[in-house]
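First chain A sits with chain B, and in the next complex the same chain sits with chain C.
So, the complex of A and B:
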């Protein structure tokens, strides 16, 4: 059982996990700051890939230009999402409203509403079928190393995850906007009292998080050869699971848990059947919640 | 709004029939009921059926096979809703001018309406309902689509005949996928082959690499794929990337132009079956494709072709049942006696005992991005 095919299975699991991780990074960032689940993150992911695909089919630019376009689309979508689904609930500045659970849940539902509306509109415009992607842009070029098979997209996803994670850490720890994001995440009212522009900080968080989500959507869409309006749902759910397992607000924890999920799916397929993969993944979630109620990497006071 | 427009056209056609009936008293009109989804989520298929049925009917009425008789098709919109389907079935049963019924689109609605037709003794021919239990409702149910019970063993024998002795089975985890896989496996084992893996994947799976790695380990000589075209094309792409050299045999569900578009070069070499080949050069198929395209501006696909044949099989049965003197019972018997009917989806006979259609499937292979028929 533990032969080269098992190593290949670990590679497969790693690449599935990295996809979940890519989605989880932006997702966890937004949760860390607002303490609210952004259900529309999967749709941002979808918008990124559709924006990229439209650029590809209209003027066929090189891949890094496509990535820049997805990045811009993601930033714009993140800004719009914050304006539509999140800001209206921050009208009330008194302490009771800021701590109110009802407002938090209303925000959760408004992001869900936006996600459904965006997905339905995309289905009306593009149809719910998978879109055809020009073959040259697919990230499925085989790369054979020994008897292990890789695709060029896997290396790109691997590199992208490292760049995203590293870049985000740098941004959070070394820049002024990062400092204010951490401040707002830690204590929004305290941050406001010391003169941090919390509104601007929240917008910046959404723009950054959605940019990451949109790029992830584009790359994963090209790697799986599947771009369609409902594509954000499954990775969104898995990213959510990874975030909860990782302790809700630890980005590094979410990434590690995303990798565990991906590995679990691949190894389950190897020993049992693909149909059991999801079950094992959710079993991990339940076990984590029973034995580590604050998540594997939660518990620390500082968020983000 | 659509409904209103619908009523108007219906009313107009009824008036027109009355007028023509009045003008030439000896010209008798008999009717076929056609229940199909013209609105709602499956409306696109219903439109195709109506197009094909109208085309077949106009040809028939012009051909003069039944002198002095005009056959008419009454279309009713079932909205892919079982309740609507039952209402339409009652309405058609009460309409004494209707000799038999075609439809509905999916198995659920067809079976709900079938309960009514079984009681009122009206023959029902569905162009697409493939659920195993549909024809088991009563002796009044017929269908013009092969089930997996026929297709699976056929593909199994085909693969075995090509020298494949060990095969891995990959199928989608739902009713259809399981029946596709089981029928293939039974057929393949009966032919003397062995099955190395049976892998079901959850609907919505985008990553097949784990399954492909498992198949790579057990080294079968070919892969059987029971999937729909979107999953199928992703599977083929990833198989190419993972460097698996095995040929893939697939069900007719992969016969879609879009599949080749999505999979690109990865589709090349794929073996699959189909009942209808739009590129066929056989004269009756070519002339159907040409007439359909000229009238509706698009090439017909498999489902449209099945409706075309269903309509023609029904018209044929009405002629055999005596045309102007046909009764519902006679039409049912004539329908059951259908043998070697030459249609655009192949030659069709109904099995005497089970009423299951026996349709010859065309064997295809994807070569240079095109479906090419092979022996």
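So, the complex of A and C:
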């Protein structure tokens, strides 16, 4: 059972799962603060990898600089997204309308519309095919440890996601902006009463979540060698599934579920054809919603 | 009397005026555009029953549309069934699938239901794509016979237009009767507040499942029409983006309104045809129209008439000097 091939698949699944986790954190942060679903998160992921790719093709900087550029692009995209698709619908500031069904569905649809527009514009500019990536930047150099073989991209994914997850914990628990994010997530009205600038906090949340997504997009693009305008849809949906499985506003839960999802997919593709791997995530989603409607790690929400 | 006039005007417009104009502007291609609009009108009207009237946002409607299309395609290519058998049967098959797949998700509300239907739609898409023995996978099914009745009429663009138009009229009639009745009011009560509706003695889960089944039936019929009129289907026709297109049509036309659903389909499929000279910006137009209609017309173009307006109109008659209703007389 535990032959080399199986362990290899588990390691591959773990690295994919970490990527899903990075994307899922962005979703979860935004859901926690605004109580709305951001359907354009997959497009932020795409923007991150395209920004990195453009930097690579124009002036070929070292990888560290490429990551910084993707980070900046993600922050900018997150800011723009919030202004465009979410801000116009926060007309009323009382708690009932901040958490109302109408505003939730309006922002869900508006972020969906923005994501369609962004993706289609990217397709108009770059074409819908996969972009060619310079060989030097592909993160596919094989590294042999014992009888297992890894790609150097996997180490980068491991290292970077652990750094970013740790950084996020530090940011949320130890800094002032993290404190205000947690306060707004808990109770927007109360946070406003004690003098927290909720608008700025919401923007900060979008910027933080989007940078994580953009960096995930860049690394996956370079690791899998596939950068194309529609690349954000599948990881976006999977990260969304991880968020729902983890209980919507639990960051730790989303990370754990993203790892489970990534490994389950890798195991499935080692037994069945590649195409069926996608089914796993959706089956997990439906099964979780049926048996654990509040998610595996969800707190006591009143109703789902 | 006014009702008879407006219905006959509608029938004349759909069955005589539109085909007449289409023939004048050159037929062929424009008939196919109108056929697509008709199929999507049926889809949007059926999705409207779930999303607009019962208030459950469905993001997986294209999956059920796909089930109907594949049922029709397989029945007519493998068994040679004619269209008047395949359409109702594939509708029934889709409704059965809809009930089966929706049963476990009916306890969910709001965003959870939307996510679960997204998952269901993608499960259907992945299955159609990968179950190669049964659905021929990404190659799709080709050479599906058109709508034809030997000795009476043969398959042509005009026949297909009439088949789709008549089905759309039937769907509009059935869904209109369904929503403009006490039954429809019960569905609206579920939309506004399901706990309150349950406390009033409505069987909320039963109503949700029934509306889902009706909507899936018509989605299946629309899928069958799509298979018959295009002659070729592949899993690519039934992706998430089609579900979004249907949702956008509903949002633009006005959630909960049947004429709005048709208008949304006409706008979102017709506009790109007129913009074709400046390039294929179909999905950008869809996204932009959807975004601006949420921003500026949150109720859609033909939003459902608010209950209060209806009440005022009905009870206002009592104070109207010209009417012979009420105590003024």
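The definition used in the following text is that the second predicted complex is superposed on the first by the 293 of 304 C-alpha atoms of A that agree within 3 Å, B and C clash if a C-alpha of one lies under 4 Å from a C-alpha of the other, contacts with A are read in each partner's own complex, and residues count from 1 in each chain.
The definition used in the following text is that a contact is a pair of C-beta atoms (placed from the backbone, for glycine too) under 8 Å apart; a residue touches a chain by one contact, two chains touch by 3 or more.
Because the structure is predicted, anything quoted here is derived from the model rather than measured.
K.L.:
Contact-wise, after the overlay, does A:201 reach chain B, chain C, both or neither (first, second, both, neither)?
P.N.:
Neither partner.
K.L.:
Going by the contact rule set out at the top, does A:49 touch chain B (first), chain C (second), both, or neither?
P.N.:
Neither partner.
K.L.:
Quick check on the superposed pair: does A:37 touch chain B, chain C, both, or neither? Answer first, second, both or neither.
P.N.:
So A:37 only meets chain C here.
K.L.:
Contacts for A:108 in the overlay, against chain B (first) and chain C (second): which applies, first, second, both or neither?
P.N.:
second
K.L.:
Report for A:269: first if it touches chain B alone, second if chain C alone, otherwise both or neither.
P.N.:
Only chain B; A:269 stays clear of chain C.
K.L.:
After the superposition on A, what does A:120 contact: first (chain B), second (chain C), both or neither?
P.N.:
A:120 contacts chain C only, not chain B.
K.L.:
Which holds for A:250: it touches chain B only (first), chain C only (second), both, or neither?
P.N.:
neither
K.L.:
Let me test your reading of the model: by the given contact rule, A:278 touches which partner, first (chain B), second (chain C), both or neither?
P.N.:
both
K.L.:
On chain A, which stretch or stretches are contacted by chain B in one complex as well as by chain C in the other?
P.N.:
Touching chain B and chain C on chain A: residues 233, 273, 275, 278.
K.L.:
For a test of understanding, state which residues of chain A touch chain C in their complex under the given definition.
P.N.:
The contact residues of chain A facing chain C are 37, 85, 88, 101-102, 104-106, 108-110, 112-117, 119-121, 124, 233, 237, 240-241, 244, 273, 275-276, 278-279, 282-283, 285-286, 289-290, 293, 303-304.
K.L.:
Name, in rising order, each residue of chain A that touches chain B in their complex.
P.N.:
Chain A reaches chain B through residues 3, 5, 8-9, 12-13, 15-16, 129-130, 132-133, 135, 138, 140-142, 144, 149, 151, 224-226, 228, 233-234, 265-266, 269-270, 273-275, 277-278.
K.L.:
Considering only the defined contacts, which chain B positions touch chain A in the complex?
P.N.:
Residue positions touching the partner: 173, 199-202, 204-207, 209-211, 213-214, 216-217, 230, 233-234, 237-238, 240-243, 258, 261-265.
K.L.:
So in the complex, the part of chain C that touches chain A is made up of which residues?
P.N.:
Residues 57, 104-105, 107-112, 114-116, 118-120, 122-123, 126-127, 129-130, 240, 244, 247-248, 251, 281, 283-284, 286-288, 290-291, 294-295, 298 of chain C touch chain A in their complex.
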